[in-house]
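I'd like to ask some things about the structure below.
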Amino acid sequence: MADPEIIEAISSYGIQQFVGYGDDQVSNDAKDLIRNAIGMENIDIHFIPGGTHVNLITIDSILTQSYMSVLAVESGHINVHEAGAIEATGHKITYVPSRDGKMIIDEIDNIMELHKDEHMVLPQLVYISQTTELGTVYSRAELKRLRDVCDKWGLYLFVDGARLGSALTSPVSDIDLGELASLADVFYIGATKNGGMLGEALVIVNDTLKKDFRRNIKMRGGLMAKGIVLSIQFKVLFTGSRYLDHAQHANDMAQKLSEGISELGYSFMTPPVSNQIFPVFSDELISKLSGLYGFYVWRTEGDGKSSIRLVTSWATPIDMVEAFLDDLKLYTS
Amino acid sequence: MADPEIIEAISSYGIQQFVGYGDDQVSNDAKDLIRNAIGMENIDIHFIPGGTHVNLITIDSILTQSYMSVLAVESGHINVHEAGAIEATGHKITYVPSRDGKMIIDEIDNIMELHKDEHMVLPQLVYISQTTELGTVYSRAELKRLRDVCDKWGLYLFVDGARLGSALTSPVSDIDLGELASLADVFYIGATKNGGMLGEALVIVNDTLKKDFRRNIKMRGGLMAKGIVLSIQFKVLFTGSRYLDHAQHANDMAQKLSEGISELGYSFMTPPVSNQIFPVFSDELISKLSGLYGFYVWRTEGDGKSSIRLVTSWATPIDMVEAFLDDLKLYTS
Amino acid sequence: MADPEIIEAISSYGIQQFVGYGDDQVSNDAKDLIRNAIGMENIDIHFIPGGTHVNLITIDSILTQSYMSVLAVESGHINVHEAGAIEATGHKITYVPSRDGKMIIDEIDNIMELHKDEHMVLPQLVYISQTTELGTVYSRAELKRLRDVCDKWGLYLFVDGARLGSALTSPVSDIDLGELASLADVFYIGATKNGGMLGEALVIVNDTLKKDFRRNIKMRGGLMAKGIVLSIQFKVLFTGSRYLDHAQHANDMAQKLSEGISELGYSFMTPPVSNQIFPVFSDELISKLSGLYGFYVWRTEGDGKSSIRLVTSWATPIDMVEAFLDDLKLYTS
Amino acid sequence: MADPEIIEAISSYGIQQFVGYGDDQVSNDAKDLIRNAIGMENIDIHFIPGGTHVNLITIDSILTQSYMSVLAVESGHINVHEAGAIEATGHKITYVPSRDGKMIIDEIDNIMELHKDEHMVLPQLVYISQTTELGTVYSRAELKRLRDVCDKWGLYLFVDGARLGSALTSPVSDIDLGELASLADVFYIGATKNGGMLGEALVIVNDTLKKDFRRNIKMRGGLMAKGIVLSIQFKVLFTGSRYLDHAQHANDMAQKLSEGISELGYSFMTPPVSNQIFPVFSDELISKLSGLYGFYVWRTEGDGKSSIRLVTSWATPIDMVEAFLDDLKLYTS
């Protein structure tokens, strides 16, 4: 369920009573630890139970007029897997073409040119995920270029970091938390998928977006009476390098898995660089594996083949990776 | 501005006072004339000022849960040219692939299969335009197949008829108003683009969608205090064959235009079968024509060419068509 | 239906074609006439079909965050008679106590004090009607005090002027159109209830509220393709003193009516100072009158009595007023 | 922070991995325990992080048309303390007069009569809290009468049970969980305020409201990836009589407190029958107490007096109650 240190911390705070709604000392401590990790003082931090919740609260808050839209790739989490959460707050998602799950930054100019008259929505915000839904990672150069395009058009940049740990510790990563914060207007750091029981830490860098933000959280049902439940997660994960260590482990396991899969002659839908990898197998092979392991079939790739999604975590044991590779070898030969 | 008979009717009703909010005799007369033209008694009819207004009122009304979405082609009017009106009511538009502006009906099955779990929106409604945004027309066979797919998945079918007159009188049309009504759950008949000053007549065929519909209209600001202004348009247009005659004239002018353009060796982006046609010209030619005529450049077609949109109306004089063709000939030779 | 000069103007523009969406010369003329009447150059003017439509577009546009609310009296049109139009755009209406339909301005301080923490909505806008729903009129002193309170709390002031003509020509009025514009951030001038077939002219005074406003109108379905239909109404009404003359006539008829009613010994629910008056009659008398005249029973006043709403208009003939008074006299004696 | 048994259970489940999104065995166990406590099989149960979240998800789900409203008392939690959460989903709250925080049931008839035409919202749902915001409790007779009125008008009944434990164990309570379930269409059982770290258990009794409900939860960001965090709370609280025992303790402490306060000659704003009590003290006394204890000043009661809100919990020690009474005695004499 969660990092044993978090379980331990919950036990140790036990039945103590704390000030409600996140105004307690543990919450302040957790925020200070995150400020330290980022290396910025002048940022606002809010703890919110889950990722879809953060996305809808933040995007609706930034889109101050109902005719404003958010730019995202078609495979974006907000577009596909949130049951219409963004539209339910009254805003359109405008698609930007993508490659390997990453936004093709040069396309933004064309899209903005097409949205100049009043019959069109007005894009106001770029939403990306780091890592993306397809397990890929934006490089520092790409993020800088995206920042430049955002500045050119007056767009805000919001980075969904539900899987940020895996991006920061990816073998292809060339950016740290502080640099990310200097490029984004707002982003979040996910605990749910990296050792926590629940919780995402929203970091607001741009002053314009800070005012009265807690009213947005309250209005969407995200202001927890016992906010300390959320902040304990982050206090533990940001004490020492725990947050990055968990992510590194997940990435190492995925790396080992993808190397083994490659050696057996298989290819991948997208480059395997994070804790989500998408090998392409024959449908027959997939059918055999699915009896042994839990995974999603992602999409058909033609020629009787499909890509599947394998996800490792902070808790994935190396034995399980090796067992999978052994089985795969068996079915391959 | 409008059909002289409509102007005349407005003058003749002059300064008489009428019961407000569309409960007057003229409104009842107009509805009876439309019921006659359709050949159905048990339908509800509402007059609403404009097309975007009808679309947002009707779609929000049918989508009873916020997680429900409407299926439409990417070029659909609700998706591109309504400034996010549908999303502003809280609902997503889910795209269905298209050809020549028409929905590829077989794709609906795949989309519905992909939307079965709770992380996805639930499509509940198919929205098409007749004619489409690209000037094409659904045949009777296509509409019947669409109806079958809708029935299979429990989807409602809503037909945007802002340009319905042009569809019904198109040379490729094989369906009349009554048949359309027997296939759709709800549709509308546009006056604004076919001789009226303003107004669309929404026809609700499916009983499930009728209840308390006027509250939806009122809530969205569409219930006019002087509803008679709207109903006069329809009383005139549906007396005799005036509505179809206007559309036929617009189509005839477009037909003459497209034949002349073809003869000069040009092709079209989509088949020219209604009052919107999309010839493909060189950008140089477009530049010359744009000094003389008002039209939109629709999209680039490669090789230094683009398609433009030419629209004829009930009021387009044949002289103007001929003048355009003369100019085109001049620039072509 | 409407002022004969408007009918005449529509006839004279006849079947001419105009640029769409209100970018035509008649629309520009109408706006210039209104600017002249107000005596301000730097204002934006938009013509929108109806009052509920203007209210929902304008209020949603001003409330840039979903947790922001609009202050209004409980009897306000947006609260009672718009089927939840404001809430449907995602915003709460926060009530301010009232007297005779007018906001008790001193109560705003208390309300703002109570809305300081994040569990509460944040009022951002004051909405009043001039005349009010109960036919009363804010004086210049009251509006100035309201402006001061708005400035103190950073609130915008929006004046619903569906019945503004009647307010400006009321015997108790001490403010003209220019002064109103200098006190409000945004207001509108109603044609529908003062000689027009349809249409309200929204006047945006505060620069902050002007940007991209047409996108709001389009998104809510209020941008008419044939915008000229709306602007003709205002071009006619603001040529000379036509707008005020119509309102004066309505007020004169109401005045005559209320004097006659008073002479017969009846009292009023609120002071009769505009074209809506609310005499208090016995239920027996109301029953008799209701067979002869159309009116709403407004509320029960106790002792077997109720108030009814009588409304006069630019088209009310003096004969009708006299006939009513004769009948009332008959039933009274 | 929470019941030690819950902390213990979290420790014991430790770092085990579970199926996500609440499809795990612990969640099923917790639901079975609740079904047992209610004595009904055919009910749907969903665990959602917090009360405001449950309210907005449930009410938006029931109000299938945007013009539909929810009936509530003015002091209702959804009206005052949720930052406009309900309106942000697009729906109006229509007020019903109240006495001691309880809806005056006979007023519903009048309100429904006034909402019959299309200019008005259509109330579709009654929302009450048990206990109310003022600490009072609806009796069985009152709830039955409310049920009858709901049936008469086709209204759903939704009971906010954030403080349901305190209501069920109140000295004035004459209803148990099963009877409540037989009267309400949907209600919830709060853990956050009764021993849990977080979590409310929504119980859907009426079949009409069950379909696809998880999509609503997902769309509003309430579907937790690690749903087990929520279900552990309820598994512990509904093993044996733990849930009611916690509530009973809170009530006992409040009872002791209110008796002591009464004996010193003070009165209460509303009858002190649950774990929220509202004694009326002089502002001078309140000022002294506020240096020693944390509480809200609820409202001014005139004559230099105000009511304050005192809340006890499952964890309130009797020493603290006695200390408060001692201090009060000191300041009183």
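As written, the chain order gives the labels A, B, C and D, with residue 1 at the start of each chain.
Please note the rule applied: contacts are C-beta pairs under 8 Å (C-beta built on N, C-alpha and C of every residue); 3 or more make two chains touch, one makes a residue touch a chain.
The UniProt protein names, listed by chain, are A, B, C, D = Aminotransferase class V-fold PLP-dependent enzyme.
Here the structure is a predicted model, which is why all the values come from computation and not from measurement.
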item	value
Steps needed, at fewest, to go from subunit A to subunit D via touching chains	1
Most remote chain, CA-based centroid, reference being subunit D	B
Approximate Å spacing (C-alpha centroids) for the pair subunit B, subunit D	50
Distance between the centres, which are taken as Cα means, of subunit D and subunit C, whole angstrom	41
Set of subunit B residues in contact with two or more other chains	66-67, 82-84, 88-90, 118-121, 215, 218-219, 223
Subunit D partner contacts - residues on subunit A that touch it in the complex	1-4, 7, 10-11, 13-18, 49-57, 82-85, 88-89, 192-193, 197-198, 215, 218-226, 228-229, 315
Footprint of subunit C on subunit A - complex, ascending	60-61, 64-67, 89-90, 118-122, 212, 214-219, 223
Subunit D partner contacts - residues on subunit C that touch it in the complex	66-69, 80-84, 87-93, 118-121
